[in-house]
Amino acid sequence: MIGFIGLGIMGSRMAENLLSKGFDLVVHNRTKEKAQSLLDKGAQWADSPAEVARKADVVFTMLANPSIVEKIVFDKDGLFNGFSEGKLWVDCSTVDPAFSRKMAQEANSRGIRFLDAPVTGSKIPAEKAELVFLVGGKEEDMNEVRDMMNAMGKDISFQGENGMGASMKLVINLMLGQAMAVFSEAVALGEGMGLDREKVINTLLAGPTAAPALKGKKDKILQDEFSPEFPLVHLQKDLYLATKAGFENGVPMPIANVTKEIYALAKQSGLSEQDFSAISRFLSSKSAK
Amino acid sequence: MIGFIGLGIMGSRMAENLLSKGFDLVVHNRTKEKAQSLLDKGAQWADSPAEVARKADVVFTMLANPSIVEKIVFDKDGLFNGFSEGKLWVDCSTVDPAFSRKMAQEANSRGIRFLDAPVTGSKIPAEKAELVFLVGGKEEDMNEVRDMMNAMGKDISFQGENGMGASMKLVINLMLGQAMAVFSEAVALGEGMGLDREKVINTLLAGPTAAPALKGKKDKILQDEFSPEFPLVHLQKDLYLATKAGFENGVPMPIANVTKEIYALAKQSGLSEQDFSAISRFLSSKSAK
Amino acid sequence: MIGFIGLGIMGSRMAENLLSKGFDLVVHNRTKEKAQSLLDKGAQWADSPAEVARKADVVFTMLANPSIVEKIVFDKDGLFNGFSEGKLWVDCSTVDPAFSRKMAQEANSRGIRFLDAPVTGSKIPAEKAELVFLVGGKEEDMNEVRDMMNAMGKDISFQGENGMGASMKLVINLMLGQAMAVFSEAVALGEGMGLDREKVINTLLAGPTAAPALKGKKDKILQDEFSPEFPLVHLQKDLYLATKAGFENGVPMPIANVTKEIYALAKQSGLSEQDFSAISRFLSSKSAK
Amino acid sequence: MIGFIGLGIMGSRMAENLLSKGFDLVVHNRTKEKAQSLLDKGAQWADSPAEVARKADVVFTMLANPSIVEKIVFDKDGLFNGFSEGKLWVDCSTVDPAFSRKMAQEANSRGIRFLDAPVTGSKIPAEKAELVFLVGGKEEDMNEVRDMMNAMGKDISFQGENGMGASMKLVINLMLGQAMAVFSEAVALGEGMGLDREKVINTLLAGPTAAPALKGKKDKILQDEFSPEFPLVHLQKDLYLATKAGFENGVPMPIANVTKEIYALAKQSGLSEQDFSAISRFLSSKSAK
């Protein structure tokens, strides 16, 4: 039996894939309604993280931020109060490496095994089981959940000891946030100089200087419609975590820090819950703002 | 007869391709030695830009910056003193759009036709005739030189009136400079957090968040060897031109401006004449500096 | 007879001080209405810059930007068409040093003497004759107009050859723009952390870390009322000129470049014609925006 | 009896002032040698923070960062193991507000009273008893130590509940770091444009656009000699704490974040232990670097 806690945009789709590939699943979420379609397809419901931990051998968590993770594991009804020794906790949340290392320590001190295994990819790859798992921890633990990860993703990349999965994830989300922001500025410049906006976008996306990941955001940008796949507020938090790690490790990151603040300005301007590609609206030279 | 003025890293390879595809060529360069291999293969030498203009129907220029372009055209022995009415000048230099528009006016007022036609791609694509021409001016003038451009490149993209080729080029070089700088910061962060540097580089380049153009710089970065294909000082100048155009058109570009200054710091630290990918050394967390 | 061209916020008050201290004045402005109060007090009107130049021995100009200066001097009815040899032109406009040096050359080549003499201080110091003149050119020319400058200001500071007055002015306006922007961020941080906004402002202004010039903007900031003394759009232009000079002289200026872009975002958000202290509204953590 | 823990550049001078004004003192420091001159003048030595806590009614701490504070209070021989109920701990360290609030909770939960009371001013003001205390906590607790603070400083400013002293301190150190960095860029620009470096420095420091605090750094900058009064690495940490607080409270701080990274680059270039005014060397246009 596999446990799954956290059924948001990502988690619900990951759990769905586990279920559809034949794994037995016990799930928990802050609001039960979000679990309904999984329950309809045969997943069991647990009233608390502790109950998930008691019923499952491996528990995956996919949560919004470190403080929610802490709540889920340390609460009276939390994971740690349900786990028996030797069980395995796989945290897929995007958190900072220091936090992952702390969770590893806390788990290990209770005899529980731990993997940090954040994923790359957002809503659509989660749905299509095309995520990539970035794993930190013991390689043998990873091998134990390989089949489950393969049910949810297309690739598994071992990064080293605990915290290293989280580290690689920060690097990738930093790249993603930068790619979108610098593209937005470039498009705004082109438009400001009198070039045709759509032509600039198409030319850049067809060429070698734009990150391929941007292609998936093309329609949103052209239609100026930013229903959230990866909310701007989360991307901005990841940029913060990346720059925090930069500070802690003595790595100057002038560009990342500015980009983070431009997303902060966009957040403040009301785009917080929109898709992070809404930074293109904030930076648009034609924007009313 | 085609004229070609400016036989640097790019120009010499472009001229070579024209020659090898059978076009008759008359060339001029500030230092004659750089023309020697072309002369050996049958190109004619001209002692001045004016002489090139007198002998050729179409003249391509590929020069380092606006002030050199001005010298080449306005000098006593300059292009404008050799051109007869109706001839066509194609400027492939990367300059700012305002300058291109000024050159168009100056040319037109003398009865000379003008295309701004900067190219994307650096040393290797120039050698392999894989450049892309970004053209501003009259479409019929572009069609007249289509065969020649095809001899030097793989694509021709019409952008609109004079200045629009230069505009699109600025947008693309902005993207290129940003791509390299944000990649360098991300790699430095990964390394600083304890990830394996080579693994980070490979993971990012294989994924969707890195610009494909970066792949061609992978060996330089891994070997920390930056023999110039596109000197950092030129890329930094292009970032300046992009932000200048941003100012002139009321487009805020906070990220581009910071990136420009990080290249400026790298330039000041002694990397001016290295390849622009040397920004990765400047930003490396392990760099001695 | 002294000539004065450009009767905006600054120029009208400077001319008024010349007049009230007993100097004979001939004035010109794009719109005649702005000259009316001066004419009522005894100034002569001239229909063109050329007419000013014909009537006056020394001509002061106080204009918004280089292209207006060019128009005023080079037009058919411009200054240069009215000046006879040996006359003195004193340009108090804030322009970039390269432009001042070009004006000096153009003037000298016509036998006209030239001083670049931008001033520090805005509306109120202009009114109270408390400006500081930053002068580039020949010291003997400066001495010739010393009495006139003393009528308009409280100090005259010789900076060196032509262009050096403009250079020092850029440095000072850079400092001013930075002082206001970093103060605004600090106040926003204090307020965001729960400190009392007014107490933060008072504590900072009373302490040694805030530029004294900010005290004059305290009421505007507290009342969130930004009637223009020094319009944000002009300050932003001066930051651009400063960073342009930085580029041209190989001086990395990462912070100035970001500040410039934050003013650019504020400009785009509709604060262009407000006082530059309106950057505090743009950066306020409580701002609706 | 007053306790004092942390006898670095600041703490040793503060303790000295308490002693010389007649207060009985018991001190502790990681290395005993640094306490010697105080012991010679009559201070008692304690072998551990716990021993200080047992002997004193009020304990001042002046430590380098949060993790050292945590060690000093939570260790087996720490403050909390020596304090009896009702005693008062005054933390003068510069830490982030969230940390101060956490310390307040930890202290209060043990029946211990707590003030966060960071100071403005560095080495010289510490020596001359010219510090300003920024106090968060209960006003009556502050009044209890008013005489002691007056022995070490010239002003006491109550900011509100626990954490607010730390908050105001962050705002002030942010202003200080910004003032020095933007001044350094402006001087570099002036020098780069050909102005006399010393004249630029004197002109700016005499005018209204430079923070008065910079005057105390003039000799260091002119002599390019940066023996530490306030080490650059500490200032950079404070900028990090300020931007962290900005993130946590949703306050965009684009300029502060860039400035922080420029100090980070300076730190990496080898200026970490120099006075923070060494940023002027890093940004100097004439610097060899």
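A, B, C and D are the chain letters, set down in written order, and residue numbers restart from 1 in every chain.
We adopt the following convention: a contact is a pair of C-beta atoms (placed from the backbone, for glycine too) under 8 Å apart; a residue touches a chain by one contact, two chains touch by 3 or more.
The structure presented is a predicted model; accordingly, all values stated were derived computationally and were not measured.
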> How short can a path of touching chains from chain A to chain D be, counted in steps?
Replying inline: 1
>> Tell me the rotation angle, 0 to 180 degrees, that brings the C-alpha atoms of chain B onto chain D, to the nearest 5.
In response: 180
> Looking at B-D, B-C or A-B, which pair matches A-D on over half of its contact pairs by residue number?
Replying inline: B-C
> From the centre of chain D, which chain's CA centre is farthest?
Replying inline: B
>> I'd like to verify one number: the distance from the centre of chain A to the centre of chain C, where each centre is the average of its C-alpha atoms, in whole angstrom.
In response: 51
>> How many angstrom lie between the centres of chain B and chain C, each centre taken as the mean Cα position?
In response: 38
> Can you list the residues of chain D that touch 2 or more other chains?
Replying inline: 246, 250-254, 258, 261-262, 265, 268, 285
> Taking the complex as given, what residues does chain D use to touch chain B?
Replying inline: 254, 258, 265, 268-270, 285, 287, 289
> What does chain D use to touch chain A in their complex?
Replying inline: 240, 243-244, 246-247, 250-254, 257-258, 260-262, 264-265, 267-268
>> List the residues on chain D that touch chain C in their complex, please.
In response: 97, 120, 132, 157, 159-160, 163-164, 167-168, 170-172, 174-176, 178-179, 181-183, 185-196, 199-200, 203-204, 207-213, 242, 245-246, 249-256, 258-259, 261-262, 283, 285
